[in-house]
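Input: structures, listed below.
Next come two complexes built around subunit A: one with subunit B, the other with subunit C.
Right after this comes the complex of A and B.
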């Protein structure tokens, strides 16, 4: 009797999502459809339809190289973020109350400044007369300045710092859900610290790790500003490639085709991450 | 000039929208809209050109809408029957794109008081050039003790790892490639010699920046000490205390016309003409020649003075002798190929 009079909660929820759905259709799906339509033209003046732009990209080893390099940059940045972010999140979990607030401020601070400002700071740090070079010089390790700015490694370090909050925040959330008793139990059963980490902590925080990697990955491969300002003009990645074709050359169909290909490639990587996530949830429950 | 994902998106979307909804337009009378560039151009136009225009035309209403050339073209194309912009401002490359795509109304020369006073290079029927941009050698006087005199100086072994250039996305980068190709027997139609020269420059290359703005910050950081640079941009840096100097090389400074165009189907053609005419006037150009704007005048009635007279040209005859204009119609024909070649071949 009681269950029958209860309002149906399912339809209620769907109606609530309606404004967002409309917003999503108008400002995401419709533009995406237009982008796809533009990409289906064979010439820059958009007079003939065809898939020539896709063929041009996919049959060109150079363009494929740009795509793969861009996707690889994302992997490198995500791994670096993870290696630096995990200890950070761990320290945060173990810290006392006031220390936690300080650490959270440190983690969030980059989000409160614009990406452009953060990236410019890296130009100052990595320059010939920058902090790194002048320190190494003062310590007598080098005699001539190292070239750090406009190199791939410099760019990866800068990207990792710029995107770091996106990794640390999900990790902190995942770690805070971890029951401290489990660690004690693991220790009581004779596991060492590494064993506890690899058999208890890591599997249980895997959803957080995957979420963090996904966010940093997506953010770093599309980070046009950091890629161009710290990476320079001679390293070509997908965002710059799209910019070149659309803005400098006015070749919108090709730019649109590159964008669609890039989107599909990123979606493929995201599905891979999601598959990993499903695997991990199976792992923790077994 | 800055650029972000959003502007790119707007550009492609408007392009698509034009095809998806061909009848899309909104008809209404509105005030004159002038799409200038962002940054120092906007400042200069807001401070000098707009007040002069309003004073001469009974306080006529005008809106400055600063945006990149590509956005101007995208916006006009998306609403060709009732464009949201009346006057566009373009570098030579985008200007030709706009003209080719039929977005430009010819300038009514007969109605202009100042057009006839412009130097011949600035008299363009599709839209005159009230301003020139000039590219020469930029260097850091604290590090480069002997001031350079020729583009060839950049190849000297003493500048190992200290030369900064931009890629071909910018007018600056492309214009410079054409000039060094020309010095080695090439031309706007054939820049192979220029690519060879960049290849030879490789040991000296400290940075290939993605745009002129990024290149300028590298001088500030001591990352590079010498390279091609835009006169205005360098003067702005210098005024802020950055140790940079500009010299016009003995081969001649590379000059670009920055042109103003009346947009096709503009509802304000009369006022648009008056705005462009104000920009051509000796009064406005004299003021814009002074610090901090330092924009090179194109009206022969303007007497050159200040930094421009000192560094670039003392009068218009001198300017004619020293400035090298390039054929952007020819450059545009092959630019896509050059950018592709630069993408593939230039690695440092």
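Right after this comes the complex of A and C.
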């Protein structure tokens, strides 16, 4: 090729990435290797090697339950975010200039507001004297305050709000790449709004949907603050499980093994999403 | 008949879309509004609506030295993290952007991986690593841990800005006799500056807000604001936290509006 013989002026040498690559090797990959090494010890004093910690986790129905529940809340939050986020992105694309700015501010603000602040808001909303209970009470629907805080559904809604921007932003990108002529063509050929949406819009925005789901999923299963403050002590999820075992009980090998299992589970889900993403982008380009 | 059915169909579609989008809008806006309103309460509880309004919790904030101390620590660590992230991240982005070699792809995936992996597992790993190395926790170890989870934002926005850069500009600069370094300094960096700034801003905010890594790498001397707030909320539902939240929301809105003007933040996050 002609470009190969020309002196290269538009790309930079790969060695510029060396400092960050070394930094990642020293402070990201090496810690993960040590985490794995620690997990291969059978007792908290780390005197003997073995896979006992993994066996302890995988043979314990309680631990497996914690893992599955954690992976499941990610699914629930992603579905809720998609259900509300897709119409939001759809309306955003149709809004006029100033309304787009307002909507973008509304989407970006939660993304940049501290997660403790966002979670704190839900404590105020869902609490015994919170906005939901006082409204229901004023309307005469309830006599005594409902317990909304420390329930799974309360936590799912709070997590969905906290992670919503991560869903809406990729969807807006995907929808903005959609050729509006396709929608007109679909309408001209007699398809109704629903049919156009399900047969044209959805398939073509699939890469954005998958990207959004991946981000909300990964963020919600590790959302330690929201899980502990809105979910409360009744429900245990993987992040708190790791924290309890390492900091409260000082059982480093078991905490390390839980972390490795959690990492592997997340990696499996991420690769599944990536495979789906590749399939879907092949579909949209063909 | 078909006309009627198709209009009904269109109406049902639009109503569904608007209702869902409006719920999404409320879901996004309401919590922030509720926090702001409740932070002006004159009462001692988080009752909503508040029994009366006052600035008492904001004035109580002036004496909350524990929160001041934690906020100062968080600011220092976030500033250090942002500086180091920009330095390492921009250099790495220049190397991997526009490159299709497998090495560049592998590095790109490596640099992005902290975004999807559970940060809490990394926090524990970092704590084990530093204790094996014989390093006790300090602001420095916090900065190192934060850089790992914050540098992906800088890399992402900088790579995106580089991808939009017109290669013809670089080629003409070179053909006019400019050295690579001169082109970098006078052409490339000024053009990608908004992308770098957007990434630096997000890195700063996410370091300031980081919990999963700080949880393991801080001690009493390096108390961090989000963890201080989390512990206060776990113990008692303190109204002071509402005032802190009010201040943080105000700062975030101001920073967001400025960054939107200066760096076109919303375009760079998509």
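The rule we apply is simple: the second predicted complex is superposed on the first by the 265 of 286 C-alpha atoms of A that agree within 3 Å, B and C clash if a C-alpha of one lies under 4 Å from a C-alpha of the other, contacts with A are read in each partner's own complex, and residues count from 1 in each chain.
Methods note: contacts are C-beta pairs under 8 Å (C-beta built on N, C-alpha and C of every residue); 3 or more make two chains touch, one makes a residue touch a chain.
For clarity, every value in this text was computed on a predicted model and none was experimentally measured.
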Item to complete: Sticking to the clash and touch definitions up top, decide whether subunit B and subunit C on subunit A clash or fit.
Response: clash
Discussion item. Per the contact definition in the header, classify A:104: touching subunit B only (first), subunit C only (second), both, or neither.
Written reply: second
Practice prompt. Examine A:77 and indicate which partner it touches, taking first as subunit B and second as subunit C; both and neither are also allowed.
Written response: neither
Worksheet item: Just subunit B (first), just subunit C (second), both, or neither: which does A:270 touch?
Response: second
Practice prompt. Look at A:27 in the shared chain and tell me whether it touches subunit B only, subunit C only, both, or neither; answer first, second, both or neither.
Written response: second
Practice prompt. Figure out whether A:35 sits in contact with subunit B (first) or subunit C (second), or with both, or with neither.
Written response: both
Worksheet item: If you stack the two complexes on chain A, which partner ends up touching A:225: first (subunit B), second (subunit C), both, or neither?
Response: both
Item to complete: Kindly classify A:160 by the partners it touches after superposition: subunit B alone (first), subunit C alone (second), both, or neither?
Response: second
Worksheet item: If you count the residues of subunit A that each partner touches, which comes out higher, subunit B or subunit C?
Response: C
Worksheet item: Taking the superposition as given, does A:88 touch the first partner, subunit B, the second, subunit C, both, or neither?
Response: second
Discussion item. Contacts for A:250 in the overlay, against subunit B (first) and subunit C (second): which applies, first, second, both or neither?
Written reply: first
Fill in: Clashing subunit B stretch [against subunit C; choices 4-12, 184-192 or 328-336]
4-12
Discussion item. By the touch definition above, which subunit A residues appear in both interfaces, subunit B in one complex and subunit C in the other?
Written reply: 31, 34-35, 38, 120, 123-124, 127, 129-130, 222, 224-225, 228-229, 239, 242-243, 246-247, 252, 255-256, 259
Discussion item. Quick check: in the complex, which residue numbers of subunit B touch subunit A?
Written reply: 3-5, 7-9, 11-13, 15-17, 19-20, 68, 70, 73, 93, 97, 101, 161, 166-169, 173, 206-211, 214, 217-218, 221-223, 335-336, 339, 343-344, 346-348
Worksheet item: Touching subunit B in the complex: which residues of subunit A?
Response: 31, 34-35, 37-38, 45-46, 62, 120, 123-124, 127-130, 147, 149-150, 222, 224-225, 228-229, 232-234, 236, 239-244, 246-252, 255-256, 259
Practice prompt. In the complex, go through subunit C and note every residue touching subunit A.
Written response: 6, 9-10, 12-14, 16-21, 23-25, 27-32, 34-35, 38, 45-49, 87-89, 91-92, 94-99, 101, 103-104, 107, 110-111, 114-122, 124-129, 132, 144-145, 147-148, 151, 155, 167, 170-171, 173-174, 180, 183-184, 202, 205, 208-209, 211-212, 215-216, 226, 229-230, 233-234, 237, 241-242, 244-245, 248-249, 252-253, 255-257, 260, 265-266, 269-270
Response to the item:
Touching subunit C in the complex, subunit A uses residues 7, 9-17, 19-21, 23-24, 27-28, 30-32, 34-35, 38, 83-88, 90-91, 103-125, 127, 129-131, 134, 157, 160-161, 164-165, 168-170, 172-173, 176, 192-194, 197, 214-215, 218, 221-222, 224-225, 228-229, 238-239, 242-243, 246-247, 252, 255-256, 259-260, 262-263, 266-267, 270
